[in-house]
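Shared between the two complexes below is chain A, which pairs with chain B and chain C, respectively.
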Partner chain A sequence: MKNSKILIAIMALMFVFLIGPFVVIIISSFSNDAVMRFPPRGFSLQWYEKVLNIQMFQTTFWMSLKTGLAATFTALLLGVPVAYTNVRFRYPGKNVLELFFSSPAIVPGLVIGFSLLRFFIYVTQVPILLGLYLGHTAILFPYTVRVVSASLRNFDPGIEEAAVSLGSTPLHAFFAVVLPNIRSGLVAAFILAFITSFNNVPVSLFLTGPGVATLPIQMLIYMEYYFDPTISALSSILIVLTVIIVQAAEKLLGISKYM
Partner chain B sequence: MSFIELTNIDAGYEKGKPILKDFHVSVEQGELVSLLGPSGCGKTTTLRTIAGFIMAEKGKVVIGGRDYSNVPPNKRNIGLVFQNYALFPHLSVYDNVAYGLRRRKVAKELIPEKIANVLKLVSLTGYEKRLPSELSGGQRQRVALARSIVIEPDLLLLDEPLSNLDAKLRDEMRAELSRLQHQLGITMIYVTHDQVEALSLSSRIIVMNEGNIEQMGTPEDIYERPATPFVANFVGFDNSLTGTVRAVQKHRVTVEVNGSSFVSTRVTQVAGGLSPGDQVALFFRPDDTSLTDEAGENTIAGEILYVNYQGNTSSYALKVDQESIRAVMPGRPMSGDTREIRMRIDPEKLIIERV
Partner chain C sequence: MLLLGPGAMFLLLFFFSPLLFVLAESLRGAQGQVTLARYGEVLSDAQFRIVFVRTLKMALIVTPIAVIVAYPSAYLMTKVSAGKKSILMSLVILPLMTSPVARTYAWIVILGKYGIVNQTMGALGLFKEPARMMYTEGAIIVGLLQLFLPIMVLTLVSAMENVQEEVEEAALSLGSGRIGCFFRVIVPLSFDGLIMGVTLVFTGCITAYVTPAILGGAKVLTLATLMRQEALVLMNWEAATVIAVIMIATTLLLYNGLRLFKPRNLV
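Right after this comes the complex of A and B.
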């Protein structure tokens, strides 16, 4: 099987290409050297210590967490009914709206960030924090709609009708029968949206301002001044946290099919 | 007035493009009526219209004397059994069955007993705690049934409830349904495209085609006296020849097919108004034919194309008057290499329909 050997080799290359940078980052975060160097010359945990001691990282971590959670909840709250309407009903303009839901995959983040900036800051003059929250909600909304739609499409509408024929109103049937069965889709949407928000740079770049920064923005600022493995250490922490959350959700709910 | 009356119904999925057109059905209390027909003919659409998931554009749905035309599905007391069961995947058998009772605000202390009774009825005692995913197809089917009859519906609609089961289980479930129907006396409308199922279960059968009713009648009517070519074909009158009416007597029509004369004593409703000179089709079943050497009344010349040995019977492919005809005869294939034979059809086995 010569062919399969070539395929396996290509697979391995892809794997190295995808996973390699993470490995480099994680290894370099344990360096004892003040400059980024690979492979590192010695081992230390000093950069982890430093991460935990930099006040700005802590403040912006909480800022990112709060923004992410608030925006994700809001986007889900809006996304679920929109996804439901979109999957179950036919209405005029449906195609246009569907295009809109796939827009984050097509429109560059910088463009979205800039438009949101013009809209929020210059036109409506909202406070920075509120702008950041609304901006994140806006970029997460299409994600939640798409993921929730995928799980709704997998759910037999006949089951809902069964509930209605047994006496539920359509609204009651939605809460009693639909929601419990798209739980894993909801969790998938939540995780995907939250991670998207937590990682977002382009939109946050335009919507943060004096005294308000998210963690990725703070990391960029830090890197402009220092080029030591602190960022590697911080990135490693984030990688590990993400992997743990996604793995746990996958184990418990099998969310990967909706992502 | 019948228990269920659908009058003048136009119903479908898009406004202005009704699937059911000017549809009329009436069903008596306690009847089991089957809707029989090929895929896409509108059987499910009919059930959905009765259940209220499709609101008819035109016409009236009356059940038990009450006009249901504008009543939403959750306010109609109708049990539904879906083709793919549609059990609630996250609820146990017990909670699935309890769903309708709870929605109807049945007193809490009455619920366990009602559920125990209905589960006993469908032989599922002991399965209360299982999830639907932990049941076999037949068991799911019975949960779906239990769930819809425990609410004591005025009417039970079943959409091909047995189609996902294997042949043996289907036979068992069919018997069980029949028993339940007699025991409970519920009015049922039963969708199937299985002829045998319709014939064995129903008090009446409605044969549908492209949103229209082709024929409504007792199983015997449908099977023995199909009223249209479509129904004839559907119930196994696979062969047809065309001819011209020569003589019409009270229960006896003579037809000439390419020089051969055929007499039919089984005249259907439609054939009633025949008169000499009319073009007609003769329908007959493959196993109602016999092959002989002798010429005579009700025979026609044919050519054997090939023979299939089928154990107890032999199946012949014939060419008769330019038509392909299938004939099934008991016993082994005829010996010898006769290719030119005559085919005979009994007068009482021959149906005549106007074309």
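Right after this comes the complex of A and C.
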């Protein structure tokens, strides 16, 4: 079929465009040149060594990790009850409330970070770190609601009703029957939310400052001053980690259906 | 109802109040009166206008290209075997899950002075001098396209999965050609997904920060990088506040405007 050959060609080109840059970055990270030159003229591991020796990258990596974990846990704690209510019950004004709960996904991240900075840091003198945590929680919240809702919709409410009719309290049924059955949805929500937070720039941009920075923000700062392949090496590490997580999550959970 | 309480409380306190505060700030005059003077100042600023038009223009270029590339690819992905589809899907998700800083940085290696394009063209004797591709609108467009293509593909794949195989077969057996079938059956039936994808990509392009920050720098500003410059470099909080409100307004307008295209009569 002639048509499908054209389709395959378009798709192949698309994947070259999407994945090619990753290959380029990984190759360039092994360069022995101090300027970004491609193809590199020789091989070295010096940029990886440099990444490990720059203290700021380590500090900000831990900051990103802690912010991501804290915000993801909070977003799940807030999001699971909302998802459960929206999937199980009908109530008046449900559409409006669904829109209300998804609004942090619609407002640009840059504006969320900016407004938190203006409001909390300047008006109420809240520490910037708390602002960072709140901003990340706000953007992850709709994410967790959506992913957990999707997995709740695939869970037969009859099983939960059976538990209640057999004498379980609704609360006990929720923890003993519902939660274990949507485990993979919860794990998927956790992974997606954490990665979203870990990679986030727009919200963090205004909520970081002297002494408080996340890894992506620190990478942007470094790039303003240096043009060597250090960022290539750091990016390569992040890419390889992402490949491992995405592959595992797709194999074990089929994460693409939650996105 | 009780279950919604904590989440609603959180959003009201830490999301909606700050936004309303910023909105109120943008309307507050020097004597505390309500005024649109700040909007007037920003909107009449020549630099702001250039940046605003440029941002819209880039979104208008990136979105249709994303549709044209993503539609055939997404269509193919719904046709292949489950095993192949899983592989292709993880190739689409991978860029989406990777740090945007890392993804955008790759374009410096490709488009930079000693990057792939310049080295190749130089070796072929096509460029006498390295061409300047970084810090141009073109570089930002390429970066945005790579950033948002996966979102378009995912939205279209999930929309086309709902199109039943039988409908397509019926059209084909009734004498429709493959291309005719695609445009008259598949596209209308996945139209909601298309609108969703267009909305996400278009608003994404308008509000994206990392791509224009790395590939455009201070030379080619967009709304997002201009807002950051006003706030953190020039310390002009008033202007940044107004730009923030304009960004939300543009996003909401697009979200609601594009919803009008829902073709109820077709499904």
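Here is the rule we use: the second predicted complex is superposed on the first by the 249 of 259 C-alpha atoms of A that agree within 3 Å, B and C clash if a C-alpha of one lies under 4 Å from a C-alpha of the other, contacts with A are read in each partner's own complex, and residues count from 1 in each chain.
In this section, a contact is a pair of C-beta atoms (placed from the backbone, for glycine too) under 8 Å apart; a residue touches a chain by one contact, two chains touch by 3 or more.
Please read all numbers here as calculations on a predicted model, not as lab measurements.
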Worksheet item: Can A:Thr214 be said to touch chain B (first), chain C (second), both, or neither?
Response: neither
Worksheet item: Touching A:Thr60, do we find chain B (first), chain C (second), both, or neither?
Response: neither
Item to complete: For A:Ile231, select first, second, both or neither according to whether it touches chain B, chain C, the two together, or no partner.
Response: second
Discussion item. After the superposition on A, what does A:Leu116 contact: first (chain B), second (chain C), both or neither?
Written reply: second
Item to complete: Determine, for the superposed model, which of the two partners chain B and chain C contacts more residues of chain A.
Response: C
Discussion item. Quick check on the superposed pair: does A:Ala162 touch chain B, chain C, both, or neither? Answer first, second, both or neither.
Written reply: first
Item to complete: Report for A:Ser151: first if it touches chain B alone, second if chain C alone, otherwise both or neither.
Response: neither
Discussion item. Per the contact definition in the header, classify A:Thr72: touching chain B only (first), chain C only (second), both, or neither.
Written reply: neither
Item to complete: Would you pull the chain A residues touching chain C in the complex into a rising list?
Response: 1, 3-4, 6-8, 10-11, 13-15, 17-19, 21-22, 24-25, 28, 35-39, 77-79, 81-82, 84-85, 91, 97, 100-101, 103-104, 106-112, 114-116, 118-120, 123, 134, 137-138, 141, 145, 195, 198-199, 201-202, 205-206, 216, 219-220, 223, 231-232, 234-236, 238-239, 242-243, 245-247, 250, 254-256, 259
Worksheet item: chain B touches which residues of chain A in the complex?
Response: 156, 158-159, 161-170, 172, 177, 180-181
Response to the item:
Within their complex, chain B touches chain A through residues 51, 53, 73-74, 76, 78-80, 82-84, 86-90, 99-100, 103-104, 147-148, 151
Worksheet entry | Residue numbers on chain C that touch chain A, as the complex places them | 1, 3-4, 6-8, 10-11, 14-19, 21-22, 25, 69-70, 72-73, 75-77, 86, 88-103, 105-110, 112, 114-116, 119, 145-146, 149-150, 153-154, 178-179, 203, 206-207, 209-210, 213-214, 224, 227-228, 231-232, 237, 240-241, 244, 247-248, 251-252, 255
